[in-house]
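What follows is subunit A paired twice: with subunit B in the first complex and subunit C in the second.
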Partner chain A sequence: MIGLNWYLAASAILYSIGLYCLATKRNLIKMIIGVEILLNAAHLNFIALSTTTAGLDPLARTYVIVSIGVGAGVIALALSLTLLVYRHYRTLDVRKMRRLKW
Partner chain B sequence: MGLEFVVEVALIAFLIMFALLAVELKKLAYAVASLGLMSTVLSIIFYILYAPYVAVINLLVYAGAVIVLFLAVLSLMKPGEEEGKGKMYDIIAEIPGGVLFIIIAVILVQILTTSYIGIQFAYGKTLNLPSLIPPQMQSMLQNVAESTWRVRVIDVLIQAMALFVAGLGVAVLFRRERREKE
Partner chain C sequence: MMQEILYPLLIPFLGAIAIPLLSIILRKMGIERARDYIAAVIALGNIVSVVNLYQTVSTQGTITFYLFEPPTGACLRVDMLSWFMSLVFSNLGFLVTIYSIAYMEKDTGLDKYYALLLALIGGMNLVVYAGDLFTLFVAWELMSLSSYTLVSFRKETWEPVEAGFKYLIMSAFGSATLLYAISLLYGLTGTLNFEALHQALLSTEANPSLYIIIGMLVIGFGVKASIVPLHTWLPDAHPAAPSSISAMLSGVVIKTGVYGILRILLLAFPVTVLDYGTIIAVFAVLTMTVGNIMALLQEDIKRLLAYSSIVNIGYIFAGLSVGMMNGVGEAAATIGVAGGLLHILNHSIMKGMLFLCAGAFIHELGTRNLDELRGIGRKMPVTAFCFFMGCLAIAGVPGLNGFVSKFMIIWGAVKGKQLVLAALTLINSAFSVAYYLRLIHIIIFAEPRKEMEHIREAPLPILIPLVILTIQILFIGIWWEPAVEIAEKAAEAVLKM
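So, the complex of A and B:
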């Protein structure tokens, strides 16, 4: 098995991909994809740090399981809001959503 | 350097490649498919890291349900409306974002590897991932179940509540839309 550093580096790169997506993309669906990538990076970090020769930490895994469930709920709500926004504005570009009045 | 090493490094490479594709592909359906592949690769990595419960739940939720939800939302939009026009990938337009990505990645890798050295210092020995199935692995599944249902039972209940509220919210949002149509 490869060293822990590889997984930590992978999760850091994933996290930066997610941040990059949130900072540069203007499409709402792309932004939700960015949030999901951020969540996955955090999960990978938790699991990698809880798996060492010093022992396996079950609490970290439980935390990740809870986080997966909550993350799925957040993404479902964000997607349904995206659909409503699309039906109202006829676009997913966040720059064009200027009117606050529904 | 054995086969195991090559497979794990390849999995990490695929993970990062699919994440980049999910962000950069202009056609949203392809981007979502790439996200699904990324979640699948991540589930395999979780399984390798002795987290079978997390791997299965990640596969079911992120590589299954969430991707279906993404595709359902995309199918409810007008086809071709939100897909990028022109070239599949515009390199020059992505240069400022790319520089930002590289800076963030270097800083984060530096922070995480430094904290890893700090953890090693705190333990007083070098920490590596277990090369063989450790003895703790035998009781690990039981430990995960125990900690889920005994130690973190409040978290699990709150999670169930949050999922229920999210489902209710989605249902209400769709219902309101349908009523407006009628």
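So, the complex of A and C:
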């Protein structure tokens, strides 16, 4: 049985990877992947914390499933915007854009 | 009785679903423009349902509406603060819908525009009516999705697409941080219901994990509220959006972040144990100072107004931070928070109107550059008068509404013996007059350029919201007692949970 702390550490590491990805990557698709990793860190945390010795809390699972659905909507919109960006600039590099300064 | 609180949610959401379907039928009948007026009627219905709720909320205090059985599941919870915020949202939402009838007439895909606008209003109402953190999160994402799409609505040009993408990435980072903080709170207490959270953390002791949760919540909501280190999306996204949407974003959408910080921090974390007011006050001062300095340097009218929104978020947080400090006394906390809340209402009116006026100028002349807008006010007297009143009100001239709330914020800080905060707020407020006077000078008093011979007054659907907002500015400025009373009730509702 793996202890709760390992899961929490894993989700903290995932969160850090997501932040690193957002801060350093210059490709729009990679940034979107960073956002997805950030969201999944929170989902993992939710599931890990809902597991106690008494059993599972079904509520937390409902939350995570709803949140995955909502997150999919955000990612779909981000990808469609990426498509529009590509049509305007013919590149996905953030540095090639005129005003995107992070 | 209980169903009353569902109307402010159902009317905009069902309207958002109905508008695209109706517009198919209307297109077949050849009266497609009727769709715009139907959207305005739905937004009006939303205001009526919110106002209708006042009687119930003021007599019962708090209404809780469970969608499932009490201990678990999603619920709605409406108290005076929620009602106050939803009134602010509905008021500007209705006026922006009327404004869009003329402003957006040359754009295509308007059925989607009105559906998203109504979904935005409904989403904001759901954010403030949520009774547990998860409902709040889902409503938050619903509102955010509508606002990302509306920012990049004119997708044929590069600027909205780029600004919308930047807004989406930063805001999605904020939402993910918020969800992480919610999961930590859930792990700590085993519940997400507001009342149960309050009970669970009532007798807590200060420990580092609580400070981490507070920090993540402030970051998560702060991206939307554009507190200074997280503000960089705002000066790009607000000018890039259509002016009607800029007014919605600057006027009300950023206020949902303020609501989130105020509600969740005061609800879950007892001020007497965890003294976090000072940190919020530091961020408030930083926000207004940076916003002021950047606003002075702008050459683009909408970018200047966007930076001015950041400044006003600073004032609002200065007022709210007084209520989050340990040992300032009950009276000072109430006045500070009520001042902040009243400034939310006033700023939504003033900044909404300034953006709508700027939109009217842009609609007629087609440029946002301040040099090219020189003297346009002489050609459009009614819009110019409204713009003049808005600038004076937001600069804090006595007799107009901005003065009342700024005075309350500073008074609250002085009464709570936070003299440094009061002094810095006052200095920043005086400093900001510089660029409002510059705006008035350029738009109204400068000589018109030759190219403006053909400029005429804006059409009627643009003028009606401007005139209504000017009347609201004068009304709250001269007869402030009812507004102050409602703001104080809202402040008490959140302080004495």
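The rule is simple: the second predicted complex is superposed on the first by the 96 of 102 C-alpha atoms of A that agree within 3 Å, B and C clash if a C-alpha of one lies under 4 Å from a C-alpha of the other, contacts with A are read in each partner's own complex, and residues count from 1 in each chain.
FYI, a contact is a pair of C-beta atoms (placed from the backbone, for glycine too) under 8 Å apart; a residue touches a chain by one contact, two chains touch by 3 or more.
Just so it is clear, the model here is predicted, and its values are computed rather than measured.
Peer 1: Looking at the overlay, does A:38 come into contact with subunit B only (first), subunit C only (second), both, or neither?
Peer 2: Only subunit C; A:38 stays clear of subunit B.
Peer 1: According to the stated criteria, A:81 is in contact with first (subunit B), second (subunit C), both, or neither; which is it?
Peer 2: Touch status of A:81: both partners.
Peer 1: By the touch definition at the top of the document, which applies to A:9: first (subunit B), second (subunit C), both, or neither?
Peer 2: So A:9 only meets subunit B here.
Peer 1: Does subunit B (first) or subunit C (second) touch A:59, or do both, or does neither?
Peer 2: In the superposition, A:59 contacts both subunit B and subunit C.
Peer 1: Which touches a greater number of subunit A residues, subunit B or subunit C?
Peer 2: Comparing subunit B with subunit C, the partner touching more subunit A residues is B.
Peer 1: Who does A:92 touch here: subunit B (first), subunit C (second), both, or neither?
Peer 2: In the superposition, A:92 touches subunit B alone.
Peer 1: Take the contacts of subunit A with subunit B and those with subunit C, and give the residues found in both.
Peer 2: On subunit A, the residues that contact subunit B in one structure and subunit C in the other are 11, 15, 18-19, 32, 43, 45, 48-50, 59, 63, 66, 70-71, 73-74, 77, 81-82, 84.
Peer 1: Spell out the residues on subunit C that touch subunit A in their complex, using ranges where they run on.
Peer 2: 72-73, 134, 137-138, 141-142, 144-145, 148-149, 152, 155, 158-159, 161-166, 168-169, 172-173, 175-177, 179-180, 182-184, 186-187, 190, 192, 232, 236
Peer 1: In the complex, go through subunit B and note every residue touching subunit A.
Peer 2: The touching residues are 4-5, 8-9, 12, 15-16, 19-20, 22-23, 28, 31-32, 35, 38-39, 42, 45-46, 48-51, 53-54, 57-58, 61-62, 65-66, 69-70, 73-74, 76-77, 81-82, 94, 96-97, 100-101, 104-105, 108-109, 111-113, 116, 119, 123, 127-131, 134, 136-137, 140, 143-144, 146-148, 151-152, 155-156, 159-160, 162-163, 165-167, 169-170, 173-174, 177.
Peer 1: Using the touch definition from the top, list the residues of subunit A that touch subunit B in their complex.
Peer 2: Result: residues 1-21, 23-25, 27, 29-30, 32-34, 36-37, 40, 43-45, 47-56, 58-59, 61-66, 68-77, 79-84, 86-87, 90-92 of subunit A touch subunit B.
Peer 1: Going by the contact rule set out above, which residues of subunit A touch subunit C in the complex?
Peer 2: 11, 15, 18-19, 22, 28, 31-32, 35, 38-39, 41-43, 45-46, 48-50, 57, 59-60, 63, 66-67, 70-71, 73-74, 77-78, 81-82, 84-85, 88-89, 97-102
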